[in-house]
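Since the structure comes first, as structure tokens, the remarks are kept for the end.
First chain written, first letter: the chains are A, B, C and D, and each begins at residue 1.
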Amino acid sequence: MNLAPHLPALQVVVPLMAAPLTVLLRQRDLAYVLALIASWAAFIISALLWLQVEATGTISYAIGSWPAPWGIEYRVDRLSAFVLVLVAGVAAVVLPYSRASIETEVPRRQHYLFYTMFLLCLAGLLGITITGDAFNIFVFLEVSSLSTYVLIALGRDRRALFASYQYLIMGTIGATFIVIGIGLLYLMTGTLNLADMGRRIAAVQNTRPVLAALAFLTVGISLKLALFPLHQWLPNAYAFAPSAVSAFLAATATKVAVYVLLRFYYSVFGQSQVFARLPMQEAMLLLALAGMFAASAIAIFQTDLKRLFAYSSVGQVGYIILGLSFNSTSGLTASIAHLFNHGITKGAIFMLLGCVVLVMGGTSMARVQGLGKRMPLTSLGIVVCGLSLIGVPGTAGFVSKWYLLLAALEKGQWWLVFLIVASSLLAVAYVWRFVEAAYFREPRKDVVGSGAVPWSMGLPAAVLVAATGYFGLDTSFTVGSASRAAALLMEGLR
Amino acid sequence: MKNDLVLRVVAKLLIPFILLFALYVQFHGDFGPGGGFQAGVILAAAIIFYALIYGLDRARRVVPEPLVESMMAIGVLIYAGVGVAGLVLGGNFLDYFVLDPNPVLGQHRGIFWVEVGVATTVSGVMLKIFYMFADRGKVDE
Amino acid sequence: MTGSGHFSYFVTVFLMVAGLFIVIARSNLIKKLVGLGIFQTSVYLLYIAPGKLVGGTAPILSDAFSVYSNPLPHVLILTAIVVGVATLALGLALVVRIREAYDSIEEDDILARDAAPGPIEQDP
Amino acid sequence: MAVAVWVIARSRNLFGVVILAGIYSFLMATVLVAMDAVDVAMTEASVGAGISTVLFLGALYLSKSEEARPLQRPWLPLAVSLAVGAMLVYGTLGLPEFSDPKAPIHVHVVPRYLNEIKTEVDVPNVVTAVLASYRGYDTLGETTVVFTAGAGVVALLRRRRAKAGEQ
């Protein structure tokens, strides 16, 4: 039996089937091994899919052998293949890390359920990315959301519970908005397949429902991707979730939401005149700038590192949306590349913070004083990733910001160049807060760290830090894939 | 409620019928309204009813917790297993046509097993949630 | 474009506004979930109502009828209902845990109780 | 239904609210039957009026049944909800009329389900056929969602041996 043509289905089904198996095993070591195998298999499949797409172009897979508008179609194009690699890759790195990390943060009896939830979340995120069907996006969005709520609530602090509840409310409102948007589109086009929808929407005479659908989808997805000012759920959720969960979510969840936004904007609404008639670009630009400045400014005043970097995530989402608002190939290239680069950078930071939690017992500014001496390698890693957040040359963050600047220049908007640089200064400020505490202060007497970072946590974190550096120097994978994906999306507009 | 004779007798009489009705809804879903989800809910309701009348512990003895937890997982596995069976027999994922030499019968077979999977998971989950909530209450008192 | 032709949509809108209002305005955690349920239910009507054809019957094929209402929205909404109840179960489980941890299910109380951090978490 | 929703929004007695929500679900199910959506109605009745109510009552039993405070400062939420409602009104005004057989949803995709089903699947209940076969993958996702909720509730509510989890 030849598995190659079935890779798109297996991409989601492998983690999805591994999840109930972990429940049947009910034993944390076996569950861990199974989850490890499944997540690595998912990563290998995503890499193979990426290669296949780069070689032959878009892959379409009809589930149940029902042709596209009647059945559900899986559709892997350059953009989704790229996002798949990011999600599956981060999962493959975070999972080995999580074993030691949850040891202190999650009650022992629940460990196997942690892996179940992790796998479900992975399957959900992959399912959103790979599907070519609007309603299927919603279903898998809910798979990933529900498992995310549980993962966050497994945090040891009681505030994790409330953070999870708030996310549940906000997330469900967002998902319902998305359903309303999909419903309106369905009522106007009679189809749920995204590509089919895109083709038929051009012929829709009455554009008011399409406008409303655009509004509902934008608001709903923005809730999910924590676009300022709809970001309130994010800082608490990231701050109180178990470290492995923060790392995985920070690197993937909001990025997949960005992907969904791109998918709807360019593959569905792209064909309609609606998009051209609305001041969407200006609105996006304003929100992006507001997010970049406000969230970064709030980040400076945080007293807990996890919260600090969570607000920084909200700010960084602003850059991604900024690139999108240019509505040009180079802007999209910057967005997609930043999606990847920021994903691995933030993943690395939260993994390192997890090590800090393990040794120092927390990540408040008071606890990390003098961390440079106590945990030199970990501190160094955080600083490297911090440089990437700022956008210092030689790091991944620089590459995507550079393309963002180029895109702004291409539009002849000098003031934007100035604003991007100015907002990077805010990033300098919040990264400096860590540097100051870790290297220029003496450890507090009342904070006693214990133990060392186990290699199973240190190594995966180091891998991501190294990746942050590597993709700052070799841009052929990130920028190459991103520009080809951007070209594909812009093609849809014509 | 545990000692009320009338309730107990009525429950004894009713529960088999509820179970039967669940099966009817399950297998008649092809012809009338109903299907795996509804059947699973009714099935779970029958056992919850039993637990309310006879007490949680006795219900646990009839339908033990590990079984319930396994049911949640097995249902999903049955469903996905049908999909994989389609793969193995040379079709796409969730392809029912290949499940039988006659494609239409293959569809019937696929739908049947898929509905079984749904019912298993749904009833397992509903029961488990009920057990969980009931447990919390008991220790709280 | 007549009023009656869009009546079902107005019902949807009313339910949606009311549900959303309850979710945002009320401080009680359980009440919020009730509101969320109403908000989600409004979507069911948005999907189902346009699928109805006057003179049609439920989409169960038989020789006696020839006009059927649209089955596809029904399928989608079945899925949506199930997703809704799954979310609800999880939400309520969270409420139970929150009540145990805070002894309150009022949003304001919980926020107030978390406002004071422990001594070591404060900025020096 | 409107009355039920209005009272739910006003009332502070959570017990009453939950019961009313159940009644609301029943009314909704009736409407759905009128819309020919029998499968959906059956599910809504069993889920909305059945499971949800039981779950709510269970949760209420474990917590207080009275809402502490009356409504305060309702204007901002009201404005937000009304704005969303206005957006939907704006959108729905352009939708096809109620029961218009020429609406896109009746002429595209669905005819195949209704016409070909005899030869392709041969199951009289079209909803079942579409649910389990044509869009079977959605249903797999749905089952997974239910499983996620179940495992999630276990993860959240299982008794721990010691209450050492909290700081």
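Keep this in mind: a contact is a pair of C-beta atoms (placed from the backbone, for glycine too) under 8 Å apart; a residue touches a chain by one contact, two chains touch by 3 or more.
Just so you know, these numbers come straight off a predicted model, no measurement behind them.
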| item | value |
| --- | --- |
| Chain pair bearing the highest count of C-beta contacts | C-D |
| Chain whose mean Cα position lies farthest from chain B | A |
| Whole-Å gap separating chain A and chain C, where each centre is the average of the chain's CA atoms | 26 |
| Cα-centroid distance, chain A relative to chain B, in whole angstrom | 36 |
| Centroid distance [mean C-alpha coordinates] between chain C and chain B, Å | 25 |
| Chain B-chain D separation of Cα centroids, rounded to whole Å | 21 |
| Junction residues of chain A, two or more chains touched | 16, 19-20, 23, 63-64, 135, 139, 142, 146, 149-150, 153, 158, 180, 186-187, 192 |
| Multi-chain contact sites of chain B, meaning residues that touch two or more partners | 31-33, 37, 69, 72-73, 76, 80, 83, 93-94, 96, 129, 132-133, 136 |
| Contacts with 2+ other chains: residues of chain D | 38-39, 43, 47, 51, 55, 58-59, 62, 88, 92-93, 95-96, 103, 105-106, 109-110, 113, 124-125, 127, 131, 133, 135-142, 144-154, 156-158, 166-167 |
| Contact graph of the chains (line, ring, star, complete, other) | complete |
| Partner chain A, residues of chain B touching it in the complex | 66, 69-70, 72-74, 76-77, 80, 83-84, 86-88, 90-97 |
| Residues of chain C that touch chain A when the two form their complex | 16, 20, 23, 29, 32, 36, 39-40, 43, 46-47, 50, 72-73, 76, 79-80, 83, 86-87, 90-91, 94-95, 97-98, 101-102, 110, 114, 120-124 |
| Of all residues in chain A, those that touch chain C in their complex | 135, 138-139, 142, 146, 149-150, 153, 158-159, 161-162, 164-165, 168-169, 172-173, 176, 179-180, 183, 186-187, 192, 303-304, 362, 364-367, 369, 444, 446-447 |
| Residue ranges of chain B touching chain C (in the complex, touch as defined) | 31-33, 37, 129, 132-133, 136 |
| Touching residues on chain A, where the partner in the complex is chain B | 1, 6, 9-10, 13, 16-17, 19-21, 23-24, 26, 61-65 |
